[in-house]
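Sharing a structure with you now.
Each chain gets a letter, A, B, C and D, in the order it is written, and its residues are counted from 1.
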Amino acid sequence: MKSDFTSEEIMTVSAARMLRNGAICFVGIGLPSTAANLARRLHAPDAVLIYESGPIGAKPAVLPLSIGDGILAETADSVVSTPEIFRYWLQGGRVDIGFLGAAQLDRFVNINTTVIGDYFRPKVRLPGAGGAPEISTSAKEVLVVVKQSRRSFVEKLDFITSAGFLSGGDARERTGIPGKGPVAVITDLCILRPDRQTRELTVTSVHPGITGERIRANTGWEVRFSDDCRMTEPPTGLELTTLRDLLARTAAAHGSAGVAA
Amino acid sequence: MAQWSLLSEAIAACVHDGDIVALEGFTHLIPFAAGHEIIRQGRRGLALVRMTPDLIYDQMIGAGCAAKLTFSWGGNPGVGSLHRFRDAVENGWPAPLAIEERSHSDLANAYVAGAANLPFAVLRGYVGSSFEQMCPHIRSVTCPFTGERLAATPSIRPDVAIVHAQKADRKGNVLLWGILGVQKEAVLAAKRSIVTVEERVESLDAPANACILPSWVVDAVCLVPQGARPSYAHGYYERDNAFYLRWDAISRQRESFRAWLKEHVLETADFVQYLRVLGSGGRQEAVR
Amino acid sequence: MAQWSLLSEAIAACVHDGDIVALEGFTHLIPFAAGHEIIRQGRRGLALVRMTPDLIYDQMIGAGCAAKLTFSWGGNPGVGSLHRFRDAVENGWPAPLAIEERSHSDLANAYVAGAANLPFAVLRGYVGSSFEQMCPHIRSVTCPFTGERLAATPSIRPDVAIVHAQKADRKGNVLLWGILGVQKEAVLAAKRSIVTVEERVESLDAPANACILPSWVVDAVCLVPQGARPSYAHGYYERDNAFYLRWDAISRQRESFRAWLKEHVLETADFVQYLRVLGSGGRQEAVR
Amino acid sequence: MKSDFTSEEIMTVSAARMLRNGAICFVGIGLPSTAANLARRLHAPDAVLIYESGPIGAKPAVLPLSIGDGILAETADSVVSTPEIFRYWLQGGRVDIGFLGAAQLDRFVNINTTVIGDYFRPKVRLPGAGGAPEISTSAKEVLVVVKQSRRSFVEKLDFITSAGFLSGGDARERTGIPGKGPVAVITDLCILRPDRQTRELTVTSVHPGITGERIRANTGWEVRFSDDCRMTEPPTGLELTTLRDLLARTAAAHGSAGVAA
């Protein structure tokens, strides 16, 4: 089956679909921001986007270049300081959905954005935590959007930057973490959700044209498929047009140099 | 009371080798000009602090100014890695760089605690992560009422904080708006502070409850138009995103970095000349 | 998402007997109309919280709404004592009033802790005072880094917070400016909140970084022009200081207080009628 | 000696003189506010007045009616929230002088504004602490202005709301309180300062026309006079004119109902 959309497009559209209208969403830059803003233009016009730099209720007409882009401040209902965002809004328990990216994750959706290799003598030094450790615990639910590969989906993390389900089962609940944790991981190949019991990520929806083999080849552990695994609904014409229009307007606004987010 | 100063004089007076120095700005109003001047003056052994070390800290680290970095996210935002930062951490070049790693929430709280003259910050943080095992600066306190255990981290108290803002008035009262980040907290947490501004005005004419740094909490105010380039100044100019993209190539190799630093920073007299060398003359938007 | 409501409906829906209720406003924007409506609806057993209980709490306490008061300064500002408050504390009239006493710094920090979902606040407070001996809610924590001992107090988490503000837009986003007090923190610390406003506007047109309560953290927004009288609303009307002076005489004796309360509050339908009875019609400044 | 000024006037003028130009002053309402604003009009135009309600650098043209009067916000360099005032500005260690009133004080300038009688069964319930406990410890120095009488100057306090020198000597220093504590108490009769050694209040300056006898009669303990006790400089013409003008303009602005502060 030859599709008329790219794997990145179905990833973004699938992630956008997860954001329910009216949800208070704490948005990471990059893929999460694109998906959240696409959702705002489709089924979730009343989603409230919070960015860690300070804007609350940002409604950017084009995608922001950075987590603290001026367009976020200009279109927000309120712009507060960064400490206030983390103290009153995230830790305050007001965020429904934390929308995160990830450098690496494991089968229990623990995330590593810190180091590959030994912490004190790292092979690769990654950017670090950012807001993720507290987004992943304080937001009521977490969505993760990430390109799937053996580099990103790994058997074992060298550092847990942000807690998913830890060692699985009720390990997360036992820590007293307030938020429920990850509800879905959306990739360019499929959608994975934590198993109810074990909390291990299982493939619940495969994007059109993607084989189970390809998913296995791009996962660093023996990935399971759920019994009722289905095919992801392909992007509708409206979804695709809206996404492409958003990206085109973003490129036009920022110049070709701007296609960063 | 803030003194209107030349940036070079302010850096000379306020920033000393070995100081704890925080240049703040959350993608907005990043004090690039001040960072360059620190490089130009050859400061060494600085303990740098910054939530989001990005290009300016990559440059300072690559230039050899830093011995330590306290941070929560170090990357070229929207582009990728900070190659000079990574080279320092991974290979100790040009000097070993000790790191004190936090989360955004932690560092933001730690600046607040610093501004409030408290020795530590309390947050719901880090639960389930590797931080508590790997980072000795992350400890805990127990609520004396509920028995809950919460993360405790040391407050940030820089020797010097440096921020960029939109305006200051004759007396040195500073106004900033838009994305505020932790700038106010950084200045209030620090022993000394320098603010570079886009504009010197007779009166701030600030709206009610605007973010203002009164003159008497600032040591030096320096008029440095475009001093936040290539980041942006809300109401003045937009982010030069092309530079962020170019930085990836410039910084990837030690030699290309050194050549760039020499030509643009070490051999320029000030930020005006830097901008001229950078050839940004044609790009000065007037979006105000 | 905030619902535009009648104040009577909002109080009926959000304020229940026995609730922890905070009406905030630091001499500015004091929610008198809301306090009157609570009296009118005959709420009992409330645990009231307020940094500066003044006339409206004197009225609520005298009317028998309160079982407890958490506060840091209870007086008729610039005039003298709160007689109804004193009568309740000293003589248990009309009902015994338990008190939980704090300092301003403590309560302000405790609201911040509540808004930030922390169980306690940490402050440099109370050293050398009698508070720690007399008030079991004032404890201490030890800094895990420096060993310093600091005061710890329980955070404030009201069931309901009620504040008055200048404006709200169609969707219920609220803007306030001028003296902000702890209003934002009170709303964010509370489970439910009601905001009364001077004006309903199409768009807030707020300046950058203004103090805004987004619609979705507020339960009910009620249009109650002059709802802060006799306190003031910056940009709308000034404080009716004559009433603060008159209150001293009205409230000094139980009988004169009861007569006043009956005529002005219990037997008026709403704040509009209250203002009419008070005869303030001729006094409505338009300083906007 | 018949003076052409009132005892309240010399109290206010004497208190105003204590505020040095450029000082960052945390101002209580009432007498301290009057004195601080008089000082701003005389020798201390650059004094920075901070009010606990939020204004920093208030420059009111007439006296405020309350600690949160709109005129303070309108004339301030910055208006922040009340938590910020106490956290970043007072506790932050930025205040040079805390300017307080008092209901009762003892010889070591401990202050009671809480209760007379037993705390749990009070004879008189006073307003409570307000900002004073932390102003008295966090401000670098404290000035107290209060009318002197046996009701206000007492042998023993029923409750210490705000720490002065506690039991005297080095008792305050030993607690680790950052601020130096009270440097002067200015009354309608005299000026008292803590003795260097014992920290007990001693009369260092007697207002013109006031006898030692009268001071003793209005002090609840055996008050000492310092060896170099002198007469308070009477208010100058300029001081008096400026004070009266300030009060007259205040009354005019607020109406006769406004003479509260």
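The rule is simple: a residue touches a chain if its C-beta (ideal position, glycine included) is under 8 Å from a C-beta of that chain, and two chains touch if they have at least 3 such contacts.
What you see is a predicted model; the values in this text were computed from it and never measured.
Trainee: Common contacts of chain A and chain D?
Mentor: B, C
Trainee: Give, as an integer number of Å, the spacing between the C-alpha centres of chain B and chain A.
Mentor: 28
Trainee: Could you work out how far the Cα centre of chain B sits from that of chain C, in whole Å?
Mentor: About 40 Å separates the centre of chain B from that of chain C.
Trainee: Among the residues of chain C, which are close enough to touch at least two other chains?
Mentor: Within chain C, residues 112, 117-118, 123-124, 148, 178, 180, 185, 208-211, 234 contact more than one other chain.
Trainee: Hunt down the residues of chain A that sit against at least two other chains at once, touch-wise.
Mentor: Within chain A, residues 73, 79-80, 87, 91, 138 contact more than one other chain.
Trainee: Pairwise, which chains touch?
Mentor: A-B, A-C, B-C, B-D, C-D
Trainee: Looking at the complex, which residues from chain C come into contact with chain D?
Mentor: 26-28, 51, 71-75, 77-79, 81-82, 85-86, 89-90, 101-105, 108-109, 111-112, 123-131, 134, 148, 178-182, 184-185, 211, 232, 234, 238-239, 241-242, 244-245
Trainee: Show which residues of chain D lie in contact with chain C when the two form their complex.
Mentor: 29-30, 52-55, 65-70, 72-73, 79-83, 85-87, 90-91, 110, 114, 119, 122-125, 127-134, 137-138, 159-163, 166, 172, 175-178, 254-255, 257-258, 260-261
Trainee: Quick check: in the complex, which residue numbers of chain D touch chain B?
Mentor: Chain D reaches chain B through residues 22, 24, 48, 56-57, 73, 77-80, 87-88, 91-94, 138.
Trainee: Across the complex, what residues on chain C touch chain B?
Mentor: Interface residues on the chain C side: 117-120, 122-124, 139-146, 148, 150, 152, 154, 177-178, 180, 207-211, 234.
Trainee: For chain C, which residues count as touching chain A in their complex?
Mentor: Going by the criterion above, the answer is residues 1, 112, 115-118, 173, 185, 188, 206, 208-210, 212, 214-217.
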